[in-house]
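Letters A, B, C and D mark the chains in the order given here, with residues in each chain numbered from 1 onward.
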Amino acid sequence: MGLPLHPHVMNIGYVGLGKMGSGIVRSLLRTGHRVVVYNRSREKAEALAKDGARIANSPAEAASDSDVVMTMLSDDQAVEQVVLGDKGIASGLRRAAVHISNSTISTALARRLAQEHQQRGQGYLSAPVFGRPEAAEAKKLVVTVAGEESLIERFRPVLDAIGRKTIAAGSEPWQANAVKLCGNFMIASMMETFGETYAVIRKSGMQPQMFLDVMNELFNSPVYANYGGIIANERYEPAAFTLKLGLKDIRLVLAAAEETATPMPFASVLRDNFLSALADNQEDLDWSSVAKIPARNAGLK
Amino acid sequence: MGLPLHPHVMNIGYVGLGKMGSGIVRSLLRTGHRVVVYNRSREKAEALAKDGARIANSPAEAASDSDVVMTMLSDDQAVEQVVLGDKGIASGLRRAAVHISNSTISTALARRLAQEHQQRGQGYLSAPVFGRPEAAEAKKLVVTVAGEESLIERFRPVLDAIGRKTIAAGSEPWQANAVKLCGNFMIASMMETFGETYAVIRKSGMQPQMFLDVMNELFNSPVYANYGGIIANERYEPAAFTLKLGLKDIRLVLAAAEETATPMPFASVLRDNFLSALADNQEDLDWSSVAKIPARNAGLK
Amino acid sequence: MGLPLHPHVMNIGYVGLGKMGSGIVRSLLRTGHRVVVYNRSREKAEALAKDGARIANSPAEAASDSDVVMTMLSDDQAVEQVVLGDKGIASGLRRAAVHISNSTISTALARRLAQEHQQRGQGYLSAPVFGRPEAAEAKKLVVTVAGEESLIERFRPVLDAIGRKTIAAGSEPWQANAVKLCGNFMIASMMETFGETYAVIRKSGMQPQMFLDVMNELFNSPVYANYGGIIANERYEPAAFTLKLGLKDIRLVLAAAEETATPMPFASVLRDNFLSALADNQEDLDWSSVAKIPARNAGLK
Amino acid sequence: MGLPLHPHVMNIGYVGLGKMGSGIVRSLLRTGHRVVVYNRSREKAEALAKDGARIANSPAEAASDSDVVMTMLSDDQAVEQVVLGDKGIASGLRRAAVHISNSTISTALARRLAQEHQQRGQGYLSAPVFGRPEAAEAKKLVVTVAGEESLIERFRPVLDAIGRKTIAAGSEPWQANAVKLCGNFMIASMMETFGETYAVIRKSGMQPQMFLDVMNELFNSPVYANYGGIIANERYEPAAFTLKLGLKDIRLVLAAAEETATPMPFASVLRDNFLSALADNQEDLDWSSVAKIPARNAGLK
């Protein structure tokens, strides 16, 4: 009779079931939402079926009965294909339903998606996330969201269901993507600072781990502890996030900054060093392996 | 009878009573050490007399009856003068007694001090500290120490008395100075990353404080929170540490790296931006005001 | 009957009649070639009619009766439109006829043009040029050409007709575009070196013109003399080549280098400085006004 | 009777007889000046005795009977020693006689020399030179001179005797050193631009020599032709000017710029790359071998 039992239960489509996407879907299911999933390779969808997800045969189908369809894909090209391609989300999503993009994409594509959806009477929010697969699974992501305020409010419960904190960045979807890209730049810059200092430390006859101990006292940040440790131990495999994708993000933050005529000299140095790492066949190592470049430039190994 | 026997009570001379030095002296006095102090302008010494310090009339006098004399001065020149100048520490310190330098000085000067003291049969340790005046007062500094191992062990209690953590960097004193300079470079780099991202954020129509909220979730570091806030609010006065001294430290880290033929491209960018800030009359602002340069280069204010 | 009077007279279409294109057309006409021209705004075509050019009503028409159609347009977008758009060159050019692009475009577009023309049985050469409008008119351009060797040989007389030197860069058209972009990077770097040194010279109480006199003795290069003079006198208007187009070229050289994973740290600094100049509303000044950035960063004016 | 009256014949002491110094002395002798020479290793002095030079046994002796004593030494330390050390020039030079320094030294040392000489009633001019040993011998150097105007005028004939052009930079001697250092920075920057572009060219399947041909057409400068050729052929031995000395000059131009709070981002990149080359044991190769760094950073060889 009358009102639904759980006022926030929504019908959610989810497209892109890599480690991040799968973790997010599990968080959504645990919160009680109904989720229909799609992934190019079906096995990943089937793994989630056990947890209660329904499987769709195309992005369009995942979108068709949903209040909201969410996407987590690796780059602009994949998002364009899934949204605007054949049997894509845009063709399946109902008018007034909404697409929320969790992917780290360019601000340019975010603007285009906003426009494409608007032309179809659909809503669009950018809601990229910070955090690793474990955080996705454990509902501990940090979510940045941007777009029309009323839409943000309507879907805030969904975002709260996948992260520990949701921060609204602005009223235009691409703004959240700029925030995400700037955040990744902050992390990559930190990696470079470890790369440069460890080179000095090593060439001065000291241990990187000792320097890391000092930095842990100083910064007292889990991000410093984590990456500082990976770089000190050169533990670049398996990659949590590949150098190739890291380069993509540096390229995108430079592009986002260029749109507003903002120079980013540190990002320029990073771009050069990521390229040098690529030239040295590090594309599939963890992106923190960019720290090998300052070491090599100091004549180390 | 009378005072309890405290195995670690030492006779300590302390030269250089700025905010940092005075805080350290208070920590030493509270731990029960006997401290004789010297400062060029006598008022600062007198302020500590109330807390139990004895006042010396020269660096040499502060050193003469001490097991150890410690120094905290603003730059190489001041340290050279106080140690090797007229009525300097080197002339007053007994054989076998030790000089511990807490200042942020060049690795080159640390090597010279080690040599000068050795020629006089005196010991020398570099023990630069991380932390602000409040931390000095509250015994919460992070202390990096380097030099002969037996000396470090002998004076570890003194170092433990001024900080929350003492980390040994190596057996040559200058190594601790390299660590300190690298640490300051890490902090200055973080400032630049805020400068660049806030410029993008502002030109993209968003609030730096919002971005800082995201970064606080991400890095969860008091250093990020502190400097991120100062830069977001452009609260560069009063300076906790002046831009002029910050430039000095960047210059010194580049010099330390050059001794081992280690390029530091981020430090090079920082040097350029500190110089540009100097050219813009920011020398007495807080060193975090280096973040004004990327803002200005993006056409902001 | 028998052989044509002048073995090299060709039927040439020319699209894009800015200063450079018009100068080239005049050189072609003077050499005896038959030229049919097209320009979006017809006045420029009419100015050439007096010199013997025939006027076409579309790029396709300019191409339709020609052995070769040449293009000189300001950027990738304009070239795409003129070649692949409605009534574009690709639709008008006969099989076996050839398109020679004189524009400074991306290596990526050059590859696409090669492919598009090939699919239509048409030939394609990239033949970007170095030199200013006066040089175009006076047949003094330096021409870099790349593409299939037999095509280069066939059209070498046409290229020799527009420049004082034709240099073959390789067998793939985009290679010539890489050369042109690298050349523009060399020039832009030289501008930056004048910007940096003039700043030191001025702040040291000396005259840029004096320093230029020394550099003219040293380098003895007309390019140094020309740009060194423009920058010394800050004569940035009227622009021979706008800063906006200069930024485009720096962007394109970085993109070309990225395709082969080649870092270009000087180009990265240039990109930052061009962006800073853009943020300071210099887009319509001469591109050499990028030299204002190091001056401003030194606190000058 | 006897020698012709030559109004400009002077008594000249010359200290420092490396390739440059020896070439200059020969130019002076050919012009009719009387020259007394000193060099630490006497053989080089003896080689000049055949050409008419008299040999002195110390810098002081070379200075003692001279109207002017000139010096050409490799670095600040050597100049300090020769001028202010035991039996140094300052102790031998008469009041009102003048020291002209041809060496590439720091602006700081130039200021100190000016002061030291002034205190002794002696004159001082900085007159660093551009050009290689062959140019020194052939009287084809470009001379930059700074100091008191009347002194410059008095000794202009001497400077005209060693170069093809004498340019006055300012009234304070150090200004000429700033000009010389800026000039060397211009040349080093050009090397880096060849390093970066050749890397792109090679990775794009083209020949550096072809690119150099284009640049020679474009810049038409002997300096480009010379260094572009050395770098294209990687002909870094024997060194005309070692990388180690090149690094010294980059360090000095950065120091000169720092004195006036002038950032030089290209010079910062150069410093990083020279250090990287040093870490790779290139110290005795020609300084143009700094171009190996961008090649290596692109994964070449």
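FYI, a contact is a pair of C-beta atoms (placed from the backbone, for glycine too) under 8 Å apart; a residue touches a chain by one contact, two chains touch by 3 or more.
Note that the coordinates shown come from a computational prediction; the quantities given were computed from them, not determined experimentally.
Q: Can you list every chain in contact with both chain A and chain B?
A: Where chain A and chain B share a partner, that partner set is C, D.
Q: For the chain pairs C-D and A-D, which is connected through the larger number of C-beta pairs in contact?
A: Looking at contacts between chains, C-D has the larger number.
Q: What's the farthest chain from chain D if centres are computed as the mean of the Cα atoms?
A: Farthest from chain D by mean C-alpha position: A.
Q: Using mean C-alpha positions as chain centres, tell me how far chain C is from chain D in Å, no decimals.
A: So the centre of chain C lies 39 Å away from the centre of chain D.
Q: If you average the CA atoms of chain A and of chain D, how many Å lie between those two points?
A: 55
Q: So which bits of chain C are touching at least two other chains?
A: 257, 261-265, 269, 272-273, 275-276, 279, 297-299
Q: Drawing the touching chains as a network, do you get a line, a ring, a star, a complete graph or other?
A: Complete.
Q: In the complex of these two chains, what residues of chain B are touching chain D?
A: Interface residues on the chain B side: 251, 257-258, 261-265, 268-269, 271-273, 275-276, 278-279.
Q: What residues of chain B sit close enough to touch chain C in their complex?
A: 265, 272, 275-276, 279-281, 293, 297-299
Q: Using the touch definition up top, name the residues of chain C that touch chain D in the complex.
A: Against chain D, the touching part of chain C is residues 130, 142, 144, 164-165, 167-170, 172, 175, 178-179, 182-183, 185-187, 189-190, 192-193, 196-197, 199-201, 203-206, 210-211, 213-215, 217-224, 253, 256-257, 259-267, 269, 272-273, 294, 297-299.
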